[in-house]
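Listed after this line are the structures, all set down as structure tokens.
Consider the two complexes below, in which chain A is the common component and chain B and chain C are the respective partners.
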Partner chain A sequence: MNWLTDKLGSLGAPGAWIVSHGPQATLLLATVLGGLGMWLMLPRGNAGGRRLGALLAALAGVVYGSQLVPVGSDEWFSEAVFLILAAVTVISAACTITFRNPVYSAIWFALTLLGTAALFLFQGAQFLALATVVVYAGAILVTFLFVLMLANPKGHAYYDRVSWEAFLSATAGAVMVGILSITLMKAFTTSPDAPKLQPPSAEALEKDILNTEHVAHLGAHLFSEYLIAIEVAGTLLLVALVAAVSIVGLDESSRRAERAHDFHG
Partner chain B sequence: MDETALLRGYLAVGAILFGLGLVGFLSRRNMIVMFLSAEMMLQAISVSLVAWGRFHNNWGGQILTIFILTVAACEAAIALALVLTLYRRSGKLDIVVWQNLRESSLPAYVDHEIPEELEADEKHWPKLTPAGVEPQHSERDEYHRTHV
Partner chain C sequence: MTAIVVEALVKIVLLCFALMTAAAYLVLLERWIAAWVQDRLGPNRVGIPLTKIKMFGLGQPLADGLKFIFKEVYTPSHVDKVLYIVAPISILAAALATFAVIPFGSVLPSDLGFPQPDGGPIRLVVAPGIDVGMIYVFALSSLAVYGVILGGWASNNKYSFLGGLRSSAQLIAYEIPLGLGILGVVLAAGSLRLDTIITSQATSGLWNVLVQPLGFLVFLIAAFAESARLPFDLPEAEQELIGGYHTEYSGMPLLLYLIAEFLHMVTAAFLIVILFFGGWHFWGLTGSSDEIGWGTAILRVVVLVVKVLATIVFMMMVRWSWPRFRFDQLMALAWKVMLPLGMVNLVLMASLVEYGEDITATWGRAFLIAGMWIATLLACLAAAWIAPLSGDNRPRMDAA
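What follows is the complex of A and B.
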């Protein structure tokens, strides 16, 4: 690593910044690589480079992941589980937006949802993990799949094979992730004068979030502190139902009127 | 895994998921894939919320995620109704068809028709090696075959 530091030091101000902000610079590099990879992987007509893009994105993922988890700690098992779950989630999310066939996109998105559900479970949020699988993967996604299968033309439609401004949107995403991860690293690197993030004590967690009667506690909070919010959410569901029916029904009734007009006129 | 490392990992996963959803929403033209990307951004926020909720030992994060789930279900119902209506009118899931809704000062998007996909996934049937002696064809059979 010494020769690298020397080389970077000879670059002047940017080199000095990289040396003094090691983890952040690495994350920035990973983000740029990932953005480039996503640009190459997005559907861009018949332009090639998808394999190179996948390679770059995978490299970016490895570099990014290496910064997240301290290497060589004694809790390697839980870290490995977390890394695998995170990798499944992120890789399937990348596949969702890069696959040309929307049916495959939807199926990859189902895998993303399963990944996030597993991440919830890893945090001890049992009810949420189950609700994500049932509501998202079970209800929302299957409905979307139905529409896709009704609407899917034979082969790949040309609008699935080209993107709007693939480069600009990949840049936007990379800038977003870059800003977020630099902020993240800054917040977690311990500088002496920074306000320290206070992790919860194991006993407190055991009493609250990680309680064995997790769902009962969640329900108790939901129906006491957040009772009005629950009522509002129920009303929202009803309003959405009415809105969905009326949107589809409006179209249907206007078509009927048109047909009647054609018939009589 | 200690709590701080856990929070950092979850926030990073949330950031990446949000970025990917953003890229998908901005770049894809299929309306359904756009909505999947929007849902992906919601998932990213949920991941961060649950992580913060655990870090502060507070139920608010998980409860807000339940509300996100509710709103996502409402959004999916309305989105599906809209997509179906738009699909019925244009016969396509393409969002470019509806670009007349843009600001009047913006230039129109011109769609370059790209050539059909190369025959990369053309089916390759197995080639059978001919075996034995070719039988005699009678005139009558040949006649029938061309007229079946």
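What follows is the complex of A and C.
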């Protein structure tokens, strides 16, 4: 790496910054690459460059991966599982927004949700994982699919071929990912008294929601500390339900009135 | 670590092998029962190949399987090539993954002669540590709808598409009564673990079907609808939709669909037995503690399997006893009958758990059970009075 340091040093102030902030500069590079790649991959009318975009995004993923903090060798199995799940989630999320056929996008989104649920499960959040699957993959996304199939069986309308504000959305996503990853990296590497990744404490395994009576502890938390939030959320859902029913009812009675009108008059 | 992985892998291989064989022979059983109900012979010729030995037709599943495997996998030119293949794979994967939390017995004896992975006795379930087993089953059964919708859509065929649409509406509608039926059981056991639910029934000796017949009724009907058995087989109604969502399929992909369908039925039977009929428990035979010998361990597996088989035979008999619903009747049944009945059961069970906990006298319990049955009767009568399903079978004149 010496020749690179020398070359960068000859560039003046920016080069010196890059030399002194090695990991951050790498992450910045990866973020820019990833943002550019995603922008190229997003559906933009008939513009090409999707393969190049995929290549750039994959490169960004590799650079991000090179900055991973290695864990102890006895944990290799769980780390491998985590990495595979994370890769599946990220790749399917990218496919969700870059595919042009809305049905395929929905399927990739389902895979993203499954990956997210698996990551939750991996962290011991059993209820959250399965609630994600039941609510999002099992109910909401099925409704999406239902509507997509009814609305546009042939796919590929004009509005499926372009994504609105492709550049702005790619930039916003890249900025967010970049800030998050750089902050996280700073927290875990630079400062000496930084929090380190640690296995859950014995106390948490014993008493908190990581123990075997997971749901009981979760329920106790929800219905004591967060009782008001739960009740308010329930009421909100009820209000939405009543509103939906009333809209349907109005529609039906007005249609009946119309038919009666047609019949009599 | 390694020991746990090996244990899980052994269970997975055993379970997959057993399930595949069971699915094949259940097809034979279904055909026998169909033949018996319709007063004909049914498949009774295929025995050992190249000999004249017939063995009551027990070789039939092998011949069926070979036929499916060697058939051409024909992909019509008008289908969506990728989803056409993904759909049957996804439905079979979801159907198989459900069995990760379904116990196929109780525990093995604690003195096995080799070191056990995590100290305790080996539980006869693939994923014994999952505390949310019931929600897991629920989540995976809600994923089954993907295979049907995608298969119907990818086939690019009006009949398939209609089957897919019908299926998604039906499965979404009946998930709610299914959940309400499960909730009553969960309240009674105080846990979402399937093995805890069985153990609580075994220790009290009261199967849930005795205490909450209304919940059982709701769950049974919803389970029929979720596994798309007659009288709820609208997604593939042969007389209306040819074959529904799998009209365009042939060969192996069709086989995947058919196996998944049978696995859904097996899952439903397992759940009915585990939630409402005490799982591996039988009075005076199996006991209820975890400290058991080989004899009891095997006996528990046998009891569970016999109960499940009986339930499956019941489901197959229902197939030839009931005509199919019309679609608006199907929806009315779900929303106007099943949903209120499930709510009634939930409220009854909640008050029973809250106030009936300290009733231990035999007579008090008998009164409680009698009260639940009377309430069930009243609720069914009220439902029949308010939302009659069979009052008028003529075509609806108010439809737009």
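The rule is short, and it goes like this: the second predicted complex is superposed on the first by the 216 of 265 C-alpha atoms of A that agree within 3 Å, B and C clash if a C-alpha of one lies under 4 Å from a C-alpha of the other, contacts with A are read in each partner's own complex, and residues count from 1 in each chain.
The rule is short, and it goes like this: a contact is a pair of C-beta atoms (placed from the backbone, for glycine too) under 8 Å apart; a residue touches a chain by one contact, two chains touch by 3 or more.
Not measured: the values here are computed from a predicted model.
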- [ ] Once the two structures are overlaid on chain A, check if chain B and chain C clash or fit side by side.
- [x] fit
Open item on the list: Quick check on the superposed pair: does A:131 touch chain B, chain C, both, or neither? Answer first, second, both or neither.
Closed with: both
Task: Between chain B and chain C, more extensive residue contact with chain A - done: B
- [ ] Could you tell me if A:181 is touching chain B, chain C, both of them or neither one (first, second, both, neither)?
- [x] first
TODO: Name the contact category of A:215: first (chain B only), second (chain C only), both, or neither.
DONE: second
Task: Which superposed partner A:139 touches (first chain B, second chain C, both, neither) - done: both
TODO: Write the angle, vertex at the C-alpha centre of chain A, between the C-alpha centres of chain B and chain C, to the nearest 10 degrees.
DONE: 70
Open item on the list: In the overlaid three-chain picture, which partner chain does A:62 touch, first (chain B) or second (chain C), both, or neither?
Closed with: neither
TODO: Kindly classify A:84 by the partners it touches after superposition: chain B alone (first), chain C alone (second), both, or neither?
DONE: neither
TODO: Check whether A:242 is in contact with chain B, with chain C, with both or with neither, and answer first, second, both or neither.
DONE: neither
Open item on the list: Looking at A:164, would you say it contacts chain B, chain C, both, or neither? Reply first, second, both or neither.
Closed with: first
Open item on the list: Just to be sure I read the superposition right, which of the two partners does A:113 touch: chain B = first, chain C = second, or both, or neither?
Closed with: first
TODO: In the overlaid three-chain picture, find the nearest pair of C-alpha atoms across chain B and chain C and give that distance in Å.
DONE: 8
TODO: Go through chain A and flag every residue that touches chain B in one model and chain C in the other.
DONE: 127, 131, 139, 143
TODO: Quick one: which bits of chain C touch chain A in the complex? Just the residue numbers, please.
DONE: 1, 82-83, 86, 129-132, 135-136, 138-140, 142-143, 145-146, 149-150, 153, 161, 164-165, 168-169, 172, 175, 191-192, 398, 400
Open item on the list: Applying the document's contact rule, which stretches of chain B touch chain A when the two form their complex?
Closed with: 1-13, 15-24, 26-30, 32-33, 35-37, 39-40, 43, 46-47, 50-51, 53-59, 62-63, 65-67, 69-78, 80-85, 87-89, 92-96, 109, 112-115, 117-118
Open item on the list: Touching residues of chain A toward chain C in the complex: what are they?
Closed with: 77, 103-104, 107, 110, 126-127, 130-131, 133-134, 137-139, 142-143, 145-146, 149-150, 153, 212-216, 255-256
- [ ] Note which residues of chain A are touching chain B in the complex, please.
- [x] 34, 38, 42-43, 45-46, 64, 68-70, 75, 78-79, 82, 86, 89-90, 93-94, 96-97, 102, 105-106, 109, 112-113, 116, 119-120, 123-125, 127-128, 131-132, 135-136, 139-140, 143-144, 147-148, 151, 155-166, 168-170, 172-174, 176-177, 180-181, 184, 188, 197, 199-200, 204-205, 208-209, 217-218, 221-222, 226, 229, 233, 236-237, 239-241, 243-245, 247-248, 250-251
